[in-house]
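Both complexes below contain subunit A, partnered by subunit B and then by subunit C.
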Partner chain A sequence: MSAVEAEPEPGSERASGPLHLLRLLWRGRAWNQLVLLLLVMVGLFFLVPDPSLAVEVLIYSLWAISLNLLLGYGGLVSFGHALYWGFGGYAAGLTLLHVTHSLWVALGASMALCGLLALGSGVVCLRRRDVYFSMLTLAFAQLGYFIAFEARPVTGGDDGLGNIPTPPLDLPGLSLEMHPIRDPLPYFLLCAGILFFAFAFALLYTESPLGRVLQAIRESEERARGCGYNTRLVQLITFTVSGLLAGLAGGLDAIFNGLEGLQPYWSLSGVVVIMVILGGRSTLFGSVLGALVVLVLEHYLSISFGDWPLIVGAVFVVCVLVFPQGLWGLVRLEPLGSWGAVAWTRRLRARLSREPGA
Partner chain B sequence: MSGPNGRTTLLRCERLDRWFGGVHAVDGVDLEVATGSLHAIIGPNGSGKTTLFNLITGHTRPHGGRVWFADRDVTGLPYHRVVRLGIAKSYQITTVFQSLSVFENVRIAAQSARWPYTFWLPASRLRDASRLAEQTLERVGLQHRRRELAGNLSHGELRHLDLAIALATRPKLLLLDEPTAGMSPAETEATVQLIQDLRRDLTVVMIEHKMDVVLRIAERITVLNFGVKLFEGTPEEVRGHPRVQEVYLQGAL
Partner chain C sequence: MHLIVNQVFTGIVSGAVLVLLALGLNLIFGFMEIINFSHGAFFMLGAYVGFYLLTAFGSFWWGLALVPLLLLLLGAAVERTLIKPLYRRSAVDPLLLTFGLTYIVTQLVEMIAGKQGETVNAPSQLNFQLPLGFTSYPAYLTFVAVLAGLIVLGLWLLLERTSLGLIIRAGIRDSTMIQILGIDFDRFRVLVFALGIALAGVAGVLNSPVTGVYPEMGNDILITAFVVVVVGGMGSFWGAVLSGLVIGVLVSLTTLFASVYASIVPFVLMILVMTFRPRGLLGTT
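And then the complex of A and B:
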């Protein structure tokens, strides 16, 4: 758990020598997850032959991270996270179709709408706990689905909201035309940049006093109240932040595809829940891993094998049974005992933390 | 306000009433706790001691009566607001944040005074909260276990961690619900020493079953029976009171 790792080791504050940088990185602070994220991005850039798959991995990672704040850190299992994804897409699409041609305004609209939506539904959902909370989030998602289905003149109903124009990428002193299909590179860089900042924000959120209280509430809400915290408020803030980030991901996806399709929100919500649990709930980076694995499996299996969800499901079952900590637990190779990565890094750490000259 | 012994009153309960279905769990209980005192509440199982605590902390709303804390009416305030005003409670069944480190457990409590809902800077930057957490851990003797996960502590250590979390909110009044429950004689002795040490800057109200502990360290004792206050007085008075002996102390002395 990051809460343990983040605490600095006493006595190693003023270490010097050639290993200093490595040591800083290895200290186990949550921030080295950002380095891992950068590595994944570089890997996606160079190793994935299909650029649209690479972009989708980035966007779904953002969505999974937003859910992990709730599910992993808050212990709040939301089965309705597709609501914010979908409505974020509508907000961005409708803004680009009818209001302005600015990318930033469109994404801002996604976040604003979904933040408000999450705030409103969060007030109701958080009145209940555990499975009742999950059912309420599911109910809200279905409500949103049928609203989108019925509001055909606005959302296109089950045909989806199509022909969303691709806005130019406006940066200070630079305006870049984007064609996601012909040349996905600018869009990849845009998504990578947004994911990087969102990931850094989410990391800060989980390491902040508020984020720590969120984890404490997951352990014991009663005790968190006994420490003087309004636990409902902490959860509501997180629910809102989570919905806002999911809306951002949904907006990015709608712009990328030029289309906001409508598929049942309960199954779509299930996909992102699987990503988070498969990747590992205990770290934010696990969600990136989960999104990567699910999408890559889907991409390659669906070409050769019609019933690909069967295989994804089987992988999921095996992972949950063998690695309760998800793929992140697999990466740490904990079941392998003294040969695993954890034992190995522990030895390396012990060697590194030995004071030079002592 | 002045209470017993001419000291100011920190906590005052007036005619508190609470029903659970047909059971009158707390029946018109008056309680006055002087600043700086150690006040014990005793009584047989089901006599309303824990319910009385819950009425004070706002877990349970009273059906009648009022609670005053430091000259402020706190009746019906939610628990977390009562904690903010300076009442902390340790739990009868130890309640800690299992999968967080011992240090983190206490630090979360310590940060609540100044940085409750901050999300724009890392918690490790809050030097004052970290320092308070260190001091509190030292006080309860868990300094050497600070990096351990709370779920890995022994029963006695958990009780001390529970206490440390309560202390780290910097309360004026500490409510202890059976602080020595399930402890060995040696652990009990250590806890008694700790409670006496706490009294230097805290007011303590404790529910306790071990009569030798109560008679030794309490200044005033309130005896509850079936939700009614049976008697209140010094340990000597309680020891000599015939009805108290009849309902509660048989065999204990």
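And then the complex of A and C:
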């Protein structure tokens, strides 16, 4: 990760306005990632035989991206991201069951609830840093888990919230009935569209002055505070945005499955942490890669080997030890022409020949 | 009235187990600046090893005596092979690594011993009710509380009264300085990590007759142990002891009066402490 560039003050003329952001995006290498994302989506569409796996990859990618904003860009390792995923699912499910039959209202409810939830828990969690922060997020997730577990009349407890109806897809001038199981195509396209916009939003966020300050805090919080930035506020905004996106992903998942199940949130949070770390925390696209790799591994390993988490865990441990920048760290795009396998193998060899940690 | 007294005792016993876990976490965190996410996995492993020793030798005491030694060796091996390469990385990497380790250990135990878990009988010598004036209490639980108290006392004497403890305390305060003074810091890191793991193992063995052994047991208790550490104040010895007992008793009493809320109590307490006293009950910074 290169050093943070000196950006003008957030309030000054040059830095403001969406045009400036677009210019930043253009200048940076960020567009490549959007193109890669589209390639992955096309690949999923044509190459993955199981459509529900393809949809799950899209939804988990969204979730992993939301965590990567915190973990990769903010240096804040949240072990409680399942809280927003789970409660986003409940919000969408309950809205569809009891309030309205509109997809957009349900997803809006997920985002609103989880945004608020993240804001509230973020205020407490961000009182401490580093590993304390991780433990606090973990504790909040378990708190949410127990609340969901005990609130059986509302959430269905450990049976899960079932029979969530699938809403029609309402677009201007078009209304499509959706059947995730029988005909997953509309749902795939919906998730792909949402993921695309969320990814673009996250790119803009990380390239914006706010996102740059976030990365500066990761490198040195004291220095960022010394520059006059309100570091707590920047982190809190990111935490809220991250929770909101995770809630959106959770809502999409609950609608897709027609069910919001309940499993301990610490292990569910762990899954998404594994995705982000394995894929590479230094870029947003790494999270998509991580979600893809973990879900595909899970899909094919679980058929032949019941204890597949063992393999995922082992791959993860090796990854933390030897490739802390994840898979994407191995293949990361250089400005020009190192797409090729030559650069990739060279980097791999350099990694392997070096004593780990030296 | 009896019921309340009994619940308080039960709270102290479960609190004592939490204290053993929290002290290990605290020691490792203070000295090595590592949060050991796999602490719960080693707690579970200790309980399982104890269970297998019990079935092999037919006596609970063998498990209680051998588990700390075995886990001491295992802890040292884990430190050398997995933690050492991460010394100069950010504090987050060991957290992630030990998280992955938890996954692996839990899955391995599930593969070998099965998911369903086993019940463990308390040793026959302690299979009676201890009369306490107006009420009585299972002797085994009393034994757990007493032994945990002795371990805490021993650990405190080790830290306060021996030259080894002096080095550990100095390392907790300023690890750079003791390296400058020519102390082989590396060896003490292995020792402290192994000691923490051994404590987790003892806690696992002690707890096994109470809850039985099952692969998820470590994960359930680990998060509460984290809460105990945060509430007591990271790195604070007596803070961990105090908050472990307080949380144990509070949970136990809530179970009696409003069982629905029992699992939520530690987290609510933690949020309150974080809001009004972020450094923890007895924490210094």
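Just so it is clear, the second predicted complex is superposed on the first by the 304 of 358 C-alpha atoms of A that agree within 3 Å, B and C clash if a C-alpha of one lies under 4 Å from a C-alpha of the other, contacts with A are read in each partner's own complex, and residues count from 1 in each chain.
Basically, a contact is a pair of C-beta atoms (placed from the backbone, for glycine too) under 8 Å apart; a residue touches a chain by one contact, two chains touch by 3 or more.
All figures in this text were calculated on a predicted structure; none of them were measured in a lab.
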Touching partner for A:L210 - first (subunit B), second (subunit C), both, neither: first
Partner chain in contact with A:L38 - subunit B first, subunit C second, else both or neither: neither
Subunit B versus subunit C as contact partner of A:G226, first or second or both or neither: first
Touching partner for A:D130 - first (subunit B), second (subunit C), both, neither: second
Comparison of subunit B and subunit C by subunit A residues contacted: C
Subunit B versus subunit C as contact partner of A:V234, first or second or both or neither: first
Subunit C-contacting residues of subunit A that also contact subunit B: none
Parts of subunit A lying in touch with subunit C, wherever the complex brings them together: 75, 77, 79, 124, 127-128, 130-132, 134-136, 138-140, 142-143, 146-147, 149-150, 264, 266-267, 270, 273-274, 277, 307, 309-310, 312-314, 316-317, 320-321, 324, 356-357
Subunit B partner contacts - residues on subunit A that touch it in the complex: 1, 3-4, 6-8, 204-205, 207-213, 215-216, 219-220, 222-231, 233-234, 237
Residues of subunit B touching subunit A in the complex: 78-80, 83-84, 88-89, 91, 95-101, 103-105, 107-109, 111-113, 115-124, 126, 129, 147, 149, 165-166, 168-169
Residues of subunit C defined as touching subunit A within the complex: 29, 35, 82, 84-93, 95-97, 99-101, 103-104, 107-108, 110-111, 219, 223, 226-227, 229-230, 234, 260-261, 263-264, 266-268, 270-271, 274-275, 278
